[in-house]
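Scrolling down, you'll hit the structures one after another.
Two complexes follow with subunit A in common, the first pairing it with subunit B and the second with subunit C.
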Partner chain A sequence: MNNAAYIQLFKLAGPEMLIALAALAVLLVDLTLMRGAPVRARRVIAVLLTGVGGFAAALYLLQVPLRAVSWGGLWAVDPLTQLVKLGLVGLAVLTAVLSLEADYTDHVGEHFALLLLATVGLMVMAGAADLVLVFLGLELTGLSLYPLVALNKAGPRATEAALKYFFFGALAAAVTLFGFSFLYGLSGTTNLAGIAAALRGRGFDPLLALAVVFSLVGFGFKVAAVPFHLWAPDAYQGAPTPVAAFIASGSKLAGFFLLGRFVALALPESGDAGRAALFTPGWVPAVAVLALASMVLGNLAALAQRDLKRLLAYSAIAHAGYLLLAVLALNGAANRPAALAALVYYAGTYALAGLGAFAVAGHVERHAGAAALNHLTGLGRRAPWLAAGLAVFLLSLAGLPPLAGFPAKFYVFAAALNTPHAGAVSLGLVVVALLLSPVGFYYYLRVLKLAFVTESEKRPAGPDAPGNSPQGGENRFGVETAVALLAAAGVLGLGLFPQWLLGPLQAAVREAGG
Partner chain B sequence: MDAQLAQYIPVLILLVLAGAVSGGMLLLAHWLGKAGRRTAAKDMAYECGMVPVGGGSTRLAVKFYLVAMLFILFDIEVVFLYPWAVVFRELLREAATANLIFWAMVSFLGVLFAGYLYAWRKGALDWHEPRRAGSPAAPNRSR
Partner chain C sequence: MQAALFYIFAALALVCGFLVVANPFSRNPVTSAMCLVLTLVWLAGLFVLLEAFFLGAVQILIYAGAVMVLFLFVIMLLDLRAEERRRLKRLGLVGGGLVAAALAVLLRGVIHEAAPAAAAPPAVEGTTEALGRLLFTRYLLPFEAVSVLLLVAMVGVVLLSKKELK
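Now for the complex of A and B:
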């Protein structure tokens, strides 16, 4: 490596470096200039610095067109990764704005710095083209998010959630690293494209199947697919709501993008037609099982939830199942661009709707002490804008036509049905997904019924139920309302005009070479 | 694959031997020894054959962990600095790497320096926490 290569590296990793610099700046400014200032002022300054960093990174991503695989093949920069990074930066800034109300902690600098470092980790995940960097991104994200979950030190649930998240994450990382070492042993390289080249044309090999299944564990943990989902409901419920929103949106988007790229770049597509061909690459049955289990368990378990954040967690698991259908559709080489575009579109719109739903949950939690479903009663009257936002998000998650969830599901199912050689499996999974749709409608509409229809005429008195106090301060136009309205506008706009996002995505996928 | 796996046959032999020796010891002790007989000396915690001093769970200041972590961080810094210093002159003389060798280390040290400032301002370097004159009812909020 010489001067030129080093400067090139700085150029390619520019957005990540800007965000990392913003993290350091937030930390140091909070400790030096803002020391002793009121906590509220410190939060405002931290949000402003985060916004400046995010804006600079977004500007860099938009204005500097780069396309290269650099750093000895470790780091891929193409229009698609830049687009995903742009989305991640946007989600991080929205989360930071939500954190303006984060009155559960005095550690303002740490809160925002960890959020920004987690964003860097997500961006590394999006740009990784090598097993080493994939692992680095997964770990940087994880290690920044564990303390964020535990930040609400006074809440007993937060500690439990953080410990569960941490232990599951540590175990998943270990198993994934084990799988990566097998992949390296089989192919002799850690480069994703190199692995695919070395594995192509091999017959079924128990060691390859082991390597693939082990590698999938880490991705399954990050996206909360079913056998590795056990942390999700507790972490979503126990974590401070802005953090839960970021885990549900940013972490999901980057996780699925990374999984899609990993599958598309590193794992061979199935060869000739025939039933046995499905098992040749080893990963198709594994992903199919994950998808089926996630869809069934996520949807059915969501029925029994009494807490909005837990319900959103199980709905996230169900959506992970739908997204895995798109991953499955990456199997055929001809189908790849469409499937990858559908995957990113679904993950992006899901992230937006999830973030908005968590913003509403955060508002309810701040006013009622918890985000239990029956605290939603009468939300339509108390906070009409927020309730309207909640309706948009939940109906989009259910997949109702004018909203972004519908084209997302449509493109994913279409991509899954077009998969060559996997007709029967994909058809079966799509049928299961369609059969489970009414179940999803039921539990989403149950929430909306509580928010809009159910009258809260018997107002449970008591000083411990501040949410039930009369219209008092709750109708104030807070940051949660602003974020929810922004996200709702995005969900509605992308639902009416899916080409706004899908068009650039397809162009980027085509330019990136699928 | 077979040739690859064949390298690990010594490891397999070692595994079998280790299992046999340790399992054999346990079994022999079980058969030959007077299992089940308990005395005060037998129930004592085994500490290298010495008579143990104090309880098993002494309280330890959490500061030790902080210091240990900081030590590792700055130890790593030194580990990086040594090889860097060795090749520094040589690479500085060549135009192709002159900027690289300098700025690579400066950026690394910059990140570490920010961490150092953080640890300092947070009071992680003070062994004795300066007790404030006020009552414990007014805790230091920014810590």
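Now for the complex of A and C:
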């Protein structure tokens, strides 16, 4: 009986186990075999082990056919979760490659182990079908990321960033747990589908509204939606760039996938037509407010930023708003498969573009000491490949047609407009989103103007800034360039052929039963 | 035998609980915290008498152990002298008395309504064996996830508290 449970565990949570094993292997090898070796060699070995673990997990995800299995209602394994987990593993491996240049810390083993364990947390988030696992996934991810943000102990902002991230995270976790306990109290089960079944047909109930709003706090924190976004700019700026890239990409993807599944599975859809139906489930107005606030504040605050990482943080907040539109579109049962596919497509392509943009920011930061916007001047001449990558990412984030950001926005808006019973709200939000697009174009293009057009008459100050010396090696084909080019190719390919990702996604959503 | 043990545990818990808030011998918060540990231990004894063995063990492990260590930690970080010099305020005494009286009235009402004498003792749910069985079968995955969580916490703490070599 006991063995059966363990066999089940290895079978259904195989990829997670492989990643966790890779984390243990990284830790063990770094602290025993590689003791005393040069830091650079230790990083290479750690990246290799991470790559092997990620590859094994990806193979498992691709090869072992599991069709809509669930483990006692706790853990869902279906093509959709497998696809999302594949994306998460890919993002983790790319982040590990970026961390090859992580010269800010000597704790190589811990660094990569925590990165892998955070990935396990994200995968648990992706597969959770029960409040217990939802919370465990959120906490596992959070607790792994807090120390990673503080990794650069010599950095002036790292400690502040980590503390802010931690305090906000702890508070959000507490409030979410409170909300979960109310949901359990109202429905008598922790299973997401069971909660929906127990809540269906219930009228407006203040306690239910409280439970739903409290539960949304933790997700809002994870995806940096507006009232819970305050940590994001500081954490993105203060964290080591690979870590910031992972928070912006992996954490966002898993967070939105989990939020989408939570809303779709656990909260009953509004059944009847009419205005009252809009308020019955309670979560629709709450999510609409979050979406509106995130879009407006993220886009407007990004205008005032002087630092590339902070600008990306506010842009991430704005994109969280757009993604919440897709979450909103999950409200109608008929619309649900299209909305879920659009949500995952948007989150996935956003994660790729965000990761690439952070790779460029990391390069600039390493050569100029900080990623301030005026350090970008002349990047087009100094590092043409990186600058081209930056252009692809930013234009994709802005939503320019040949790049992945355009079909992503298109499908999300289409799904939002098709939402039944919420016509006015959805239409209004889509109009706001469209009105804010030029604002986004303005600040993305401002960055690109600095990188390509503005001549760097005055070189960045500081005699030891390596970018200043002609043989400083900024043009050297580093890992950041490689990652940026890979991500740019992905963004371009998915923009030209959205069906490459959207097709499998729609098939997976259909197979997973919405 | 059971009744005798109940009275002994209950009396000890009451005495220790009183010593937590109003210790005539010492005004040291650490002493109060230690009395709280003893109170929790006697309460665990009451749980065992109710045949809730798991709850009793958890009470000692978590409340008397882990939570109290945190309490002591916080107390040690505070300025103890200021606490020892502080005099009792009349307002606090009156307010506390009022709350205690209200609670007593409420409790009396509840106990009066419950009328426990007739009912047979209900079967105890959540025995240690059933819990363990569930943890290692149905809830094996969350159990393993928690173990990974503990590993993360350990690695993170070591990473943050280790001295940077550079």
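The criterion applied here is as follows: the second predicted complex is superposed on the first by the 495 of 514 C-alpha atoms of A that agree within 3 Å, B and C clash if a C-alpha of one lies under 4 Å from a C-alpha of the other, contacts with A are read in each partner's own complex, and residues count from 1 in each chain.
As a working rule, a residue touches a chain if its C-beta (ideal position, glycine included) is under 8 Å from a C-beta of that chain, and two chains touch if they have at least 3 such contacts.
On a predicted model such as this, the values are computed, not experimentally measured, just so you know.
Colleague: Check subunit A with both subunit B and subunit C modelled on it and let me know: fit or clash.
Modeller: clash
Colleague: With the two complexes superposed on chain A, say which partner A:G185 touches: subunit B (first), subunit C (second), both, or neither.
Modeller: The first partner, subunit B, only.
Colleague: Touching A:L486, do we find subunit B (first), subunit C (second), both, or neither?
Modeller: neither
Colleague: If we overlay the two complexes on their shared chain A, which of subunit B and subunit C does A:A150 touch? Say first, second, both or neither.
Modeller: In the superposition, A:A150 contacts subunit C only.
Colleague: Classify the contacts of A:G36 with the two partner chains as first (subunit B alone), second (subunit C alone), both, or neither.
Modeller: first
Colleague: Have a look at where A:L207 lands relative to subunit B and subunit C in the superposition and call it first, second, both or neither.
Modeller: Touch status of A:L207: first partner only.
Colleague: Can A:L27 be said to touch subunit B (first), subunit C (second), both, or neither?
Modeller: A:L27: touches subunit B and subunit C.
Colleague: Touch test for A:Y6: subunit B only (first), subunit C only (second), both, or neither?
Modeller: Once the two structures are laid over each other on A, A:Y6 reaches both partners.
Colleague: Could you say whether A:L114 touches subunit B, subunit C, both of them, or neither, answering first, second, both or neither?
Modeller: second
Colleague: Comparing subunit B against subunit C, which has contacts with more of the residues in subunit A?
Modeller: After superposition, C is the partner touching more of subunit A.
Colleague: In the overlay, answer first, second, both or neither for which of subunit B and subunit C A:I247 touches.
Modeller: neither
Colleague: After superposition on chain A, which segment of subunit C among 23-31, 59-67 or 149-157 overlaps with subunit B?
Modeller: 23-31
Colleague: Counting contacts the way the document defines them, which residues of subunit A are shared by the two interfaces, the one with subunit B and the one with subunit C?
Modeller: Common to the two interfaces on subunit A: residues 1-2, 6, 27, 106.
Colleague: Report the residues of subunit B in contact with subunit A in the complex, numbered from low to high.
Modeller: On the subunit B side, the touching residues are 1, 4, 95-100, 103-104, 111, 114, 117-118, 121-122, 141-143.
Colleague: Sort out for me which residues of subunit A touch subunit B in the complex.
Modeller: Contact set of subunit A toward subunit B: 1-3, 6, 24, 27-28, 31-32, 35-36, 39, 106, 185, 207.
Colleague: What part of subunit C is in contact with subunit A in the complex they form?
Modeller: Subunit C residues touching subunit A: 136-142, 144-146, 148-149, 151-153, 155-160, 162, 164-166.
Colleague: Residue numbers of subunit A touching subunit C in their complex, please.
Modeller: Interface residues on the subunit A side: 1-2, 4-6, 8-9, 12-13, 20, 27, 71-72, 74-75, 105-107, 110-111, 113-114, 117, 120-121, 124, 130, 132-133, 136-137, 139-140, 143-144, 146-147, 150-151, 153-154.
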